[in-house]
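Everything below concerns the one structure shown next.
In order of appearance the chains are A, B, C and D, and numbering begins at 1 in each one.
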Amino acid sequence: MSAAALVLVPVFLPLAVGALSAVLPRRAAATLTVIAAVATLMVAVLLGIAVLDAGPVRLEVAGWAPPVGILLAADGLSVVMIGLSAIAVLAATLVAAADDHFAGGHAFWPLVGAAAAAVNGVFVARDVFTAFVLLELLTIASVALVALGGTRSAAAALRYLFVAVTGSLFFLLAVALTYGHTGTVDLARAAERADDTVIVGAIIALTVVGMAAKTALFPLHSWLPVAHPAAPAAVSALLSALVIKASIVILWRIVEYFGPLTDLAAPLATAVGVAGAAAVLWGGVLALRRDRLKSIIAYSTVAQVGYMVLLVPLVFTASDPQVAWIGGILITLAHGVAKVAMFLAAGALATAAGTSRLDGLEGTISRMPWTVAAIGLAGVSLAGLPPTLGFVGKWMLVQASLDAGAWWWLALLLGGGLLTFAYTARMLRATFNPPGDFSGARELTRPARTVAIVPLALAALSVVLGLIPWLLIEVLSAAPMGGGA
Amino acid sequence: MTVIAFSDVDVLDMLVVAAVAVTAILAIAIPRRVGATIAFLVFGLLLALLWARVAAPDVAIAEAALGGGVAGALLVDALHRRQPAQPNRDRRRAVAITAVGAALGAVTFAALATVLSRLTAEPADLGPLALEAVERSGVSHPITAVLLNFRNLDTLLEIAVVVFAAVGAAALSRDRIRTVTDPGPVRRVIAVIIVPALVLLAAWLLVAGTSEPGGAFQAGAVLGAALIIAHLCGVRPARAAGGRALVLVVAGLLAFILLGGIGLAATGTWLALDLSWAFAAILAIETLLTVSIGVALAMLFLAAGSRDDAAAADRAADAPALGGAP
Amino acid sequence: MNDDTVTVMSALPVVLLLTSLVPALLIFALREKQTVLRTTLNLAGAIAKVVLVIVLIPRVVAGEELRAEFTWIPGLDIVFVTDTFSLFFVALSAGLWLATTIYAVGYLEGSPNRSRFFGFFSLCVTATVGIALAGNLLTFLIFFELLTLVTYPLVAHRGTRAALRGARIYLAYTLGGGVALLLGVAWLTLEVGPVEFRAGGIPEVAEFAARDPLTATVIGAVLLLGVGVKAALFPLHGWLPIAMVAPAPVSALLHAVAVVKAGAFGIIRIVEDVFGLALFAELGMLQALAVVASVTIVYGSVRALAQDDLKKRLAYSTVSQVSYIALGAALLSPIATAGAIVHMVNQGFMKITLFFCAGLFAEELKLSKVSQLAGVGRRMPVTSAAFTIAALGMIGLPPFAGFISKWALGLGGLDAGQPWVIAVLLTSTVLNAAYFLPIIATIWTSPRSESEGSDEGTFPAPARRSGWEAPASLLLPAVATALFVILFGVAAGWDYSPWVLAQIVGEGAWP
Amino acid sequence: MTTLQLFMYAGAFILVLGVAATLLVRDLIRRLIALNVASGGVMLLLLALADRGDGEPDPVPQALVLTGIVVMAAVTGIAIVLARRVEQLDDDLEEVEQ
C-alpha cells in the first residue's frame, strides 16, 4: 500500500467502525472505537513521517484526477490535526467506555465514529464540495450527540442544527460561486483560475460567515454555551476540542488558497481578527461570571476560538506568514488537548460531587487531586503559560504580531491569557476546602480509575509538547501553508 | 434535453420562476404550519419542474421523491400535532423585526446579485472533461458516472450522512416507533396496491439509472416511501425492530467501503473501479445502497412522524402526500 | 566571564534540576500516610542538590562552565548553564531549601494534604533552580512563569478564605508581571535572535541599542517591569504582605529564596548579562532603577514600622531589603555589583531565620503580633536568640552578614559617584533599627503584662519529653541559619565565603 | 436578461429569503421549512450554472445538487425528530404546571 492510500484511513476506518458500532453490542463497539483511534494515531505518525520526507501526501480518489475527480492531500496541518482528533477521540472513548454516564447512550459509539471520520476528512479535503458533505456529516453526528444528553438537550441540539446548517448553506453558496467562477470545485485548481477580486472576496466572506456560525465565532457564538454543556461529558469534550476545529480548518484553507488573490482579503481578515478579539474578551468575561463548571468551560471555548482565528489577520501582515500560521495551528492544537482534559475532568468532578455548581465542589481537591490537577494544567495551557503547548503557540503569535507591528493583536494575546487563567483559578479555588471543614462531611462517589487518569494524561501531554514542540513545528514547516499541496 | 440558454428569457421560465418565488414567500410567511407545509410542497414540485427546464431530470426525480417525502413528513407532523402557541410578541416589535430583516435581506440580495452578475457566461471546461470521461466509467449515464465513479467519495459520504441520521433518529426515538396492529380497510387496500407498485418503480429506477436518469438515490427515496406506507398499513415485514433495520442501513455503507478496499486490492487505488467489472460493481453497490437509503429514510421519517399512537397513525396513513411518489 | 572560561557540555545542570523535580513527581503520587517515605524523598533530594553544588563550586570558580541545551523550536533552544552567577544562586537555593524542608516537615506534622504541599514545595525549588541555571532569556521566562504557577497552591494551601484571597492577589500580580516579561523577551528575541546571557552584556543587544535606542529602552523597561513584580519593587509590591497568609515555611521560602529572590536575580541578569551596565547607564535606565530601588527601600521600611502583625512587619522589611539588591545592581561600580550579589545570600539567610522564628512563636505559643511577644525570651531563649541575631544583621550591625552588604553598597555608591546612596542607606538603617530594636527589646526585657495573653500571665511550659523549647525540626534550622548569619559576617574573607564568591561573580560584569 | 441570470437571481432571492426566515421565525417547523427553502435557492443557482453551455449540461454540479438534496433530507429528518422532542417536553411541562 502506498503512502498515499494512508490518507484514507483516518476517514474510512472510523466510518466503518462507526457503522459497525451501530449494530454491535456496547463492549465490542467500544473496543473497536478505541482500536480505531489508536490506529488513526499511528497513521497520523506515518503520514507525518511521509510529509517530513517528501512534502504533502496526495491522493486522487478512485484514480480520477481533478477536475473530474476528488483530490485529498495531507500536509503538516492535516497531520497534526488528525493526530489531535485521534487523541481526543481516544481519550473521550476510553472514559466513555469506563463510565456510561460520559457517553449518554449506545448511539454515542456510531456517532463518534461518524464525527471522527468527518473531521479527519475535512483535514485532508482539497475539494470544496467534498468539504461541504463532510461538514454536513459532522453536523448530523454532532447534533445527534448533543441530543444524547437527555430530553432537555433536544432544544439545544436543534438550535445547534439550525445554526450549523445555515452556516453550511453559506459555504455551499461559496462552493457554487467557486464553481461558477472557475469551473471547478478543486481548491488548488480554483485558486489558479480565479481572477475576479470581487467574486473571490465574496467566496472568502461567505466562508467566513458560514464557518463563524459553525465554529461559534463571536457574534455568532450564542448557541455554543447552550449546546456544549447540554451534552454528556465525553461529547462536550469532543465538541469543544474537535468538532469546531473542522470549520476552523476550512476557514484557514480558504484563506490559504484564496487570500492572496484578492485585495478584499485584508479587510476581511481584519474583520475576522476584530471578531476574534471580541470573542476573547466576551467569552472570557462571561466565563468568569458563570457558576457551573461546564458552562465556564463552554464560554472558555468561545473565547479560545478568538485566538484560533487570530492568525488570519496576521498572515496578511507578518513578514513571515509561516510563523503566524504555525503559531495559530499550535494554539488550536493546544486548545484541543486541553479542552478534552478539562471537560472530562469537569465531568468526573461533577459526577463525584453530584453537582457541577462551583459552590458544591468544596473539598474535591483533597479527594480527587489528579482530576483537579488536570483542570489546572489544562488551564495553564489555555492561558498560554509555560511550560505547555499553549505557550509555544502564543509565543509564535506574539512574535508574528510584533513583527507585523500589530499592537492590538499583541495586547489581546497578552491580556487574554490573564482572563483565561482568572477563570481557571476560579474553578480551582472552588475545589479547595478550609481545614477540618471537610472530614466526612460529604462522601464523594469515586469515579473509575480511567476517568481520573485520562484527563491527567492529556494535561501531561500538553506539558510534554510544550517542552519539545520542535517536532510538531518541523512537520508543519515541511509543507509550508500557502505553498499548495 | 436541450434548453434555450442565453437567449431571451422564455415566458414559461419566467412564469415558473415567479411561481417558485411566490410559493417560497408563502412557505415562509404563512403562520400556520399546515399552510406553510402545503406551500412548501408546491414549492418543491415547482422546483422539480425548473430542474427539468435546466436539463436536470435526475435532480427533478430526486426532488420530487425526496422533497415530496420531506414535505409529506412535515405535513403529517403539522396535521397531527398541536402547533405550540407562540409567545405573545408585541405586534409592533414583530413588525419592526420583519422590517429590519427585510431591509438586511434586500441589502444581502443586492450584494449577492452584484457578485453573481460578474460570473461569466463562458461554459466551464469541467463539463466536457467529465462527459469525455464517462466512456471510461463503466456506465453510460453521466450523472451515475459522476456519483458512483468520478466522485464516488462524495456519494459514500452522503450515504454516511443518511445512515448516521437514521442512527441518530433511532436513538432519539427508540421506544416511539409503533406499528399499527389493526389496520382499517382503506389501508389494507393501499398496502396491497401502492406498496408493490412503489417497490417495482424503485427497482426500475435503479436499473435504468445506469443509462438514463434515475439511480440509487431516487430508487432509495421511492423505496423509503413504500416502506413508510407499508409500515403505516401494518404490513408485517415492515415492522422490523430498530436493530435489524439498522443492520440493513449500515450494510450499504459498509459494502461501499468494502468496495473501496476491493478497488485498492485490484487496481491499487482506493475506490477505483476497473472498467471490466465497473458496471457490475456499480449495479451491485447501487442495489445495496437503494436498500440502505430506503430503510434509512423510512426509519428517519417514521421516527420523526411517530410519537403519536395508533389513532394518529391512522390519519397519517390516509394522508396521501406521504412518500410523495412521483 | 573569565577569559579562560571553558564551556563543557554536560548533563549535570539537568541533574541539578532533577534532584528536586523527581522527588516532586514521586511525592505527588504518594498517599497521605506515607510520611516516612515522603520525608526521605524530600531530604534525599535536598541533600543531593547541596552535595552537587558543593562539588561544582570549585570547578566553576576555576573557570569551567557546564552547559546543556535542547531544541525548543527551530532556532531557539532551552539552555542551562552553570556560570558563576547561576551557581551562586543555585547554592543559595539548595542550602536554604534543605533547611526549609526540615523545618516544613516538622511544621506540617499531622496536617492534611501534605503530599500536595511537599510536591509543590519541591517544584518551587525546581523552578528557582531553573531560573538560576537558565542560559538564555527564553529559558529564564519559562521557569519564571513556572515559579508563579507552582507557588500558587502553596500560598492557597490552607484553603481558608484569606488564603484563597492572598493566592488570588499573588497570582494577579505575578501573572501580570509575567505578561510584561513575555512581551519583553519575545520582542528582544525578535530583534536580536536568541538572547543568551553573557557577563558584561550581549554584543547584539548593544548593536541593536545603538541602532534603535528608543526601542531598546522600552524593551529594557518592559523586562524590568516583568521581573520587578516578583522583586516587589514599589509600586509592584502589593502582593507580598498579602501572601503572608501562607504557612510559615512557604513565607520563608518565598521571601528568602524563591519568588522575591528570583525577581532580584532577574534584575541583575537583565542589567548586567543582557544589556550590560554601561549600556544600561547610557540608556538612562540605570539611574531610573536606582531611584525606584531607593524609594522602595525607604517606603518598605516606613510601612514596616506601622505593622503589629509580626509576619507583616517582616514582609514590609522584605520589600525594603530586596531593593538593596536592585540598588546595588543599579550602581556603576564593581563593589556595588558585588554588594548586590552578596546581599542575595545575606538577606536570604537573615530573612529565613526571622521567618523560621516567627513560625516558631506562632506554632509553639500562638503568638503572631509584636505586642504579644513580651517576655517570650525567657520561655524560648534559643528561638529568641536566633531572631535577635538575624534582626541585628538586618539593621546592618557588624559582625553580622548584613553589615557586609551595607558596607559594600555604601562604598559602591561612593565609587560610582553617587554619594546620595549613603543617605538612603543611613535612612534605611535608622528605620530598620526603629522597627527591629523594639521587637528585640520586647522579647528580652519587657515584663509580661498581666492583662494580656494567658490567664496565668506566663507562657505554658513546653509539653515535650526532651524539654526543648520547641520541636527540634523547627528549632535546628533556625539555629543553623542564624549561625550562618554570623559566619558570613565573620568569615567574609574566606576563599569560598559568599562575599568572595560575589566579588568573583561581579567581576564578570566588569571586563 | 438571460435565462441563466433569471435563474441565478431567483436562486439568490430564494436563498436570502430562506435564510432570513430561518433567523427570524420562531416556530420550529416553520424554521425548518425556511431552511429547506434556502437550500432550494442554492440548488437552483448551482443547476443554472451547470447549464451554461450550448451542449449537454455539466453532470458534476447536477450530481452535487443531488447529493445536496439527499443531505438536506437527512438533516430535515433529524430536525423533525428533535422538534418533536422539544415540543413534547414543552407540552409535558405545561401539563405539570396545570
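Some observations on this one:
Please note the rule applied: a contact is a pair of C-beta atoms (placed from the backbone, for glycine too) under 8 Å apart; a residue touches a chain by one contact, two chains touch by 3 or more.
Here is each chain with its UniProt name: A = Multisubunit sodium/proton antiporter MrpD subunit; B = Multisubunit sodium/proton antiporter MrpB subunit; C = Multicomponent Na+:H+ antiporter subunit D; D = Multisubunit sodium/proton antiporter MrpC subunit.
Since the model is a prediction, treat every value here as computed from it, not as a measurement.
Two chains share more touching C-beta pairs than any other pair, namely B-D.
With centres defined by CA atoms alone, the chain at the far end from chain A is C. Chain closest to the overall centre, judged by the mean of its C-alpha atoms against the mean of all protein C-alpha atoms: A.
Chain B and chain C have CA centres that are 73 Å apart. Rounded to a whole number, the gap between the C-alpha centres of chain A and chain C is 42 angstrom.
Remark: chain B and chain D have CA centroids separated by 12 Å (rounded to whole angstrom).
Chain A and chain D have CA centres that are 27 Å apart. Residue positions of chain D touching 2 or more other chains, listed in rising order: 15, 19, 23, 45, 49, 60, 64, 67, 71, 74-75, 78, 82-83, 85. Residue positions of chain C touching 2 or more other chains: there are none. Within chain A, residues 67-68, 129, 133, 136, 140, 143-144, 147, 154, 173, 179-180 each touch two or more of the remaining chains.
A list of each chain pair in contact follows: A-B, A-C, A-D, B-D.
Those residues of chain B lying in contact with chain D across their complex are 1-10, 13-14, 17, 20-21, 24-25, 27-29, 31, 33, 36-37, 40, 43-44, 47, 50-51, 54-56, 58-59, 62-63, 66-67, 69-70, 73-74, 77-78, 81-84, 86-87, 97-98, 101-102, 104-105, 108-109, 112-113, 116-117, 119, 121-124, 126-128, 130-131, 134, 142-143, 145-147, 150-151, 154-155, 158, 161-162, 165-166, 168-169, 172-173, 217, 221, 293, 296-297, 300-301, 303-305, 307.
Here chain D touches chain A in the complex through residues 15, 19, 22-23, 28, 31, 35, 38-39, 42, 45-46, 49, 60-61, 64, 67-68, 71, 74-75, 78-79, 82-83, 85-86, 89, going by the rule given at the top.
Against chain A, in their complex, chain C makes its touches with residues 28, 70-74, 78, 111-113, 115-116, 141-143, 145-146, 149, 152, 156, 158-161, 163-164, 167-168, 171-172, 175-176, 178-179, 182-183, 186-187, 189-190. Residues 365-366, 369, 380, 385-387, 391-392, 394-396, 398-399, 402-403, 410, 414-415, 417-418, 421-422, 425, 429, 432-435, 437, 467-470, 473-474, 477 of chain A are the ones touching chain C in the complex. Within the complex, the chain A residues that touch chain B are 1-2, 5, 8, 12, 15-16, 18-20, 22-23, 59-64, 67-70, 72, 105-107, 110-111, 114, 117-118, 121, 129-130, 133-134, 136-137, 140-141, 143-144, 147-148, 154, 173, 177, 179-184, 196, 198-199, 202.
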